[in-house]
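Common to both upcoming complexes is chain A, partnered first by chain B, then by chain C.
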Partner chain A sequence: MSDLSNDTIIEFENVSFSYNSDNNAKDNEVLHNINLSFKKGELVAVVGRNGSGKSTLAKLCNALYEPNNGRVIVNGIVSGTEKNDEEIRKHVGMVFQNPDNQIVATIVEDDVAFGPENLGIDPLEIRQRVDDALKKVGMYEYRLEQPFKLSGGQKQRVAIAGAIAMRTECIVFDEPTAMLDPLGRKEVLSAVRTLVDEYGITVILITHFMEEAAQADRVIVLNEGCVILDNTPEKVFSKSDLLNSIGLDIPQITKFCALLGLGNSVLTVDQAYDLLIPVLEKNS
Partner chain B sequence: MINNITFGQYIPGNSFFHKCDPRSKLIGVFWYVVLIFLCKSFFSLALVSAFTLISVIFSGVNLKTVLKSLKPVLIILIFTAIVNLFYTSGGEIIFAIRGFKITEKGVNTAVFTVLRIINLVVVSSLLTYTTTPTMLTDGIERLLHPLTYLHINVGSLAMMMTLALRFIPTLIEEIQRIINAQKSRGADFENGGIVSRAKALVPIFVPLIISSFRRAYELAFAMTARCYTGGNERTRMKQMKIKVRDIFVFVYCVVLTSGIIVLNRLFEAVL
Partner chain C sequence: MNHFVELKDISYSYTQGSKNRVFAVKDVNFNLNKGEIVGIIGHTGSGKSTLISVFNGLLKPASGSVFVDGQDIFQDKKTLYNVKFKVGICFQYPEYQLFEETVFKDIAFGPKNMKLTSDEVKQRVISAARYCDISEEMLNKSPFELSGGEKRRVAVAGVMAMNPDILILDEPAAGLDPAGRTKLIGLIRDYNRTTGSAVIIVSHNMEEVCSLCERVVVVNKSKIVLDSALDDVFSHSEMLSSIGLDVPDVTKLFLKLKAAGVDLPTDVYTPEQAAEILKPLINRR
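Up next is the complex of A and B:
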């Protein structure tokens, strides 16, 4: 047990990680001395270019990997032993990038039931959780379909339902929209939003779409295994030079408004609209 | 070609057989297959065929779909028919041309064998039409449960089966994609002798195997993340229960068995 305040769900303490734990592990470390804490109910976006260690960070969150140095603590449980790791996975669920490689069963509802079945939950309760989870992501009508007949966005929503049905307090999404078309991205994002806003689930959203990150409560920027920014989206995206220098962009709309001289804290089209309309009306 | 495999695909429904316990269906089909091979005369085979038709009605699957399931075995059917037609001799000669003789016995054997195969395929595809792969593997798992006393992890075996079934469509899609990719680079799969065609398959299977390993690696993470441990404490959402309707399946098989025994006694054997 550790001395965490109650509203922290995941805590990284001086975490370092490398894939081959040989003697010269320091040289090929993928994450260096990470200190982070995720609060309950937050929507946190993690951005960074390919190979910056985002997926590794995600897998550390639910004990799929163990840190080489430092500790990862989830609700007071330190990862590292088999028993603790299994317990941690009951608190933190995960949705991966490729829906095809995470759907286990041949029928949608059976797949959603997979997690709760592994937890040894009573059949009637599983039924309830499955129906409930499928309704939350809007896939209830498809419960008897075969996953391979669904679109990418629908498959990904099934995967999300699979995580919801486990009733974890936190779900880590590793680039859930990377393989989807714009419509699929929209579907998945709105499902993610619902989780945070209506069900109070903590979400860690790894993404390389800055527009998605702009909707988060907090944005963490990773570069070469280090956290270089960790702040509100307004503050993070106002540092466009720093972001550009590490190969990242800022949301299009933020750039647009900055060019118009409306400041660099505009994150959504709606905000831009509210700012622009008075200016346009004054001019005409 | 590989996109329209209907054999072995579950068709959602609410029929009598859909509601049956997978275990009784598995045992029933196994029993039925044995019966098909016990038929000796056309009369018993006719009885089996009649029962097969009734089963199709009980499954709620339309006849067209059932006939479609015969398409993949059509070549086998034709081949069997021809071989039996020419190589079984005995009885009256019906037709002879340049040393090839078609005899009465040959015709009988050919028809008989083809009917047997048709019954076989139809009945076993009814099983997969009316049972979700999950229920099927759960049923097999339960039927094989006694093997756990021999320290065989039946749960893992069943999980492997589920995953294999789950990934068939995904891999078919993948093969198609690789074929297209190689074709667009100028690969030629249609021309040339057997050797060069076999060689042309290498660039399909190497990427397929590599990508399958990648999938397996990711899948393992996804399953672990969802608390799968391979242990035996898993529960199931869909419980299995033997009901009156399952007893009916057994009665059905018993009636058919007695019918076949009687007809085999009364009529002369074909083979």
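Up next is the complex of A and C:
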């Protein structure tokens, strides 16, 4: 066991990664010397352009990839050996972008049971976990449906339930809403928020949507394999020039409020509304 | 005056002949002229994709008729075959459909099937590659060596290479990062201006449609509920938001302020416009 303080769930220590490991040239590196720690119960968004290293970072979190240099430590377990990696994947689950690529069974509840079944868990316990997981994502009524009949947002929620049924403490989402319509996005995001707020699950959310990142507790900005910002969404999105220079947007509302001189850390419609209502009513 | 495309009273059902027939598209009328750039917006299941599949005869409507270039596309097999070259559709996530050994061959697939000479095919590939900012070096690569954004552009080029009179793109920018989105949107706009081909963009994303299209068609529950010039669309913000479309955040804010009794227009969709309107209201203390 390591000496990490026990509120840390995942720790990156000087992590570098390259897809081309036989050729150790530095220019092939996708991530350079990353140091990060994720705290239990946090909702952390990771943003960055295509090719910035976001998905690689995600896959290092649950030992799908091994770092070339440095260490990834999950709950005190260092990734890199078969035994440790297997253990890490029980702690950290993943949900990918395309809902159709990660559903394996023909009935919703069978799909959710797939993970725990592979862990060799007692059938009665599995039953309980599946029901519980489906309730947490609001899909319990659909437990006997065929997955192909569900909408994209519903399928993603089934995939999330699959991760919860493994009793993972942390779920890494790799652009879970990229293929969904606005309604599906809302459903998945609110399921994610529930996981964090009500069940204390740690969530790492990789996204291209700045409005989604604005709802996180913390935002990490990656550019060309390096962490260039790591702070609250208010602080991160106040750096609009820096973000624009690396090809990222800031939320519309943040931009609007900055133009109006209402500060550069307003993130949501509701916050802007609360700021505007008193100043506007005085005038009428 | 005839329009280049005319859909007359189109209805289509995926459960043809069953007792409880559900229509994916019902009594739709739509016209399109060359050179137009139109956004079709609506949420999942509204009938958008069904509608575009009717445009080039991939789906045959249960009733109604489709005219392209003055001809009923279902009149005979030959017309139905040829309309595929006049109306090019690029479906969602087209990068999964790349299959050739090289990018060049992949883009050449469409024009080859048009029985053009190999010189003509080459010309087509080169000009389509130019529209999509695909370098000569990239043409010789395998599609699988490219990034997601590059693959997407290759797939779009493959449709452009057929020189369609109408280019239809279903969610062209979905899943791309902000810079990739902006780039693709710019390329599509240039293509429309340079070639004079009509372009139809199907999207969930209101901001994307606004940044590109001059005319916006809103589909809801199998019907066209709005077909208007861009400037006019957001005067219907309340309706758009009531049918679950994701109006831009500043539009949402203005709707909310208006509901609270502040006298504001609701046809606002950019932060700049919105700030311009509110500034005088705030500074007057």
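In this text, the second predicted complex is superposed on the first by the 282 of 284 C-alpha atoms of A that agree within 3 Å, B and C clash if a C-alpha of one lies under 4 Å from a C-alpha of the other, contacts with A are read in each partner's own complex, and residues count from 1 in each chain.
Note that contacts are C-beta pairs under 8 Å (C-beta built on N, C-alpha and C of every residue); 3 or more make two chains touch, one makes a residue touch a chain.
These figures come from a predicted structure and were not determined experimentally.
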{"item": "Partner chain(s) touched by A:49 [first = chain B, second = chain C, both, neither]", "value": "second"}
{"item": "Partner chain(s) touched by A:28 [first = chain B, second = chain C, both, neither]", "value": "neither"}
{"item": "Chain B versus chain C as contact partner of A:277, first or second or both or neither", "value": "second"}
{"item": "Partner chain in contact with A:190 - chain B first, chain C second, else both or neither", "value": "neither"}
{"item": "Touching partner for A:245 - first (chain B), second (chain C), both, neither", "value": "neither"}
{"item": "Contacts of A:115 with chain B and chain C, given as first, second, both or neither", "value": "first"}
{"item": "Chain A to chain C touching residues, read off their complex", "value": "48-51, 97, 151-152, 175, 178-179, 181-184, 208, 210-211, 247-249, 251-253, 255-256, 259-260, 269, 272-273, 276-277, 279-284"}
{"item": "Residue numbers on chain C that touch chain A, as the complex places them", "value": "43-45, 93, 147-149, 174-180, 204, 207, 244-246, 248-250, 252-253, 256-257, 260-263, 271-272, 274-275, 278-279, 281-282, 284-285"}
{"item": "List of chain A residues in touch with chain B within their complex", "value": "59, 62, 64, 86, 89-90, 93-94, 96, 98, 100-107, 109-110, 113-123, 126-127, 130, 144, 146-148, 162-163, 166"}
{"item": "Chain A contact footprint on chain B (complex, rising order)", "value": "9-10, 12, 132-134, 162-163, 165-166, 169-170, 173, 215, 218-219, 221-229, 233-239"}
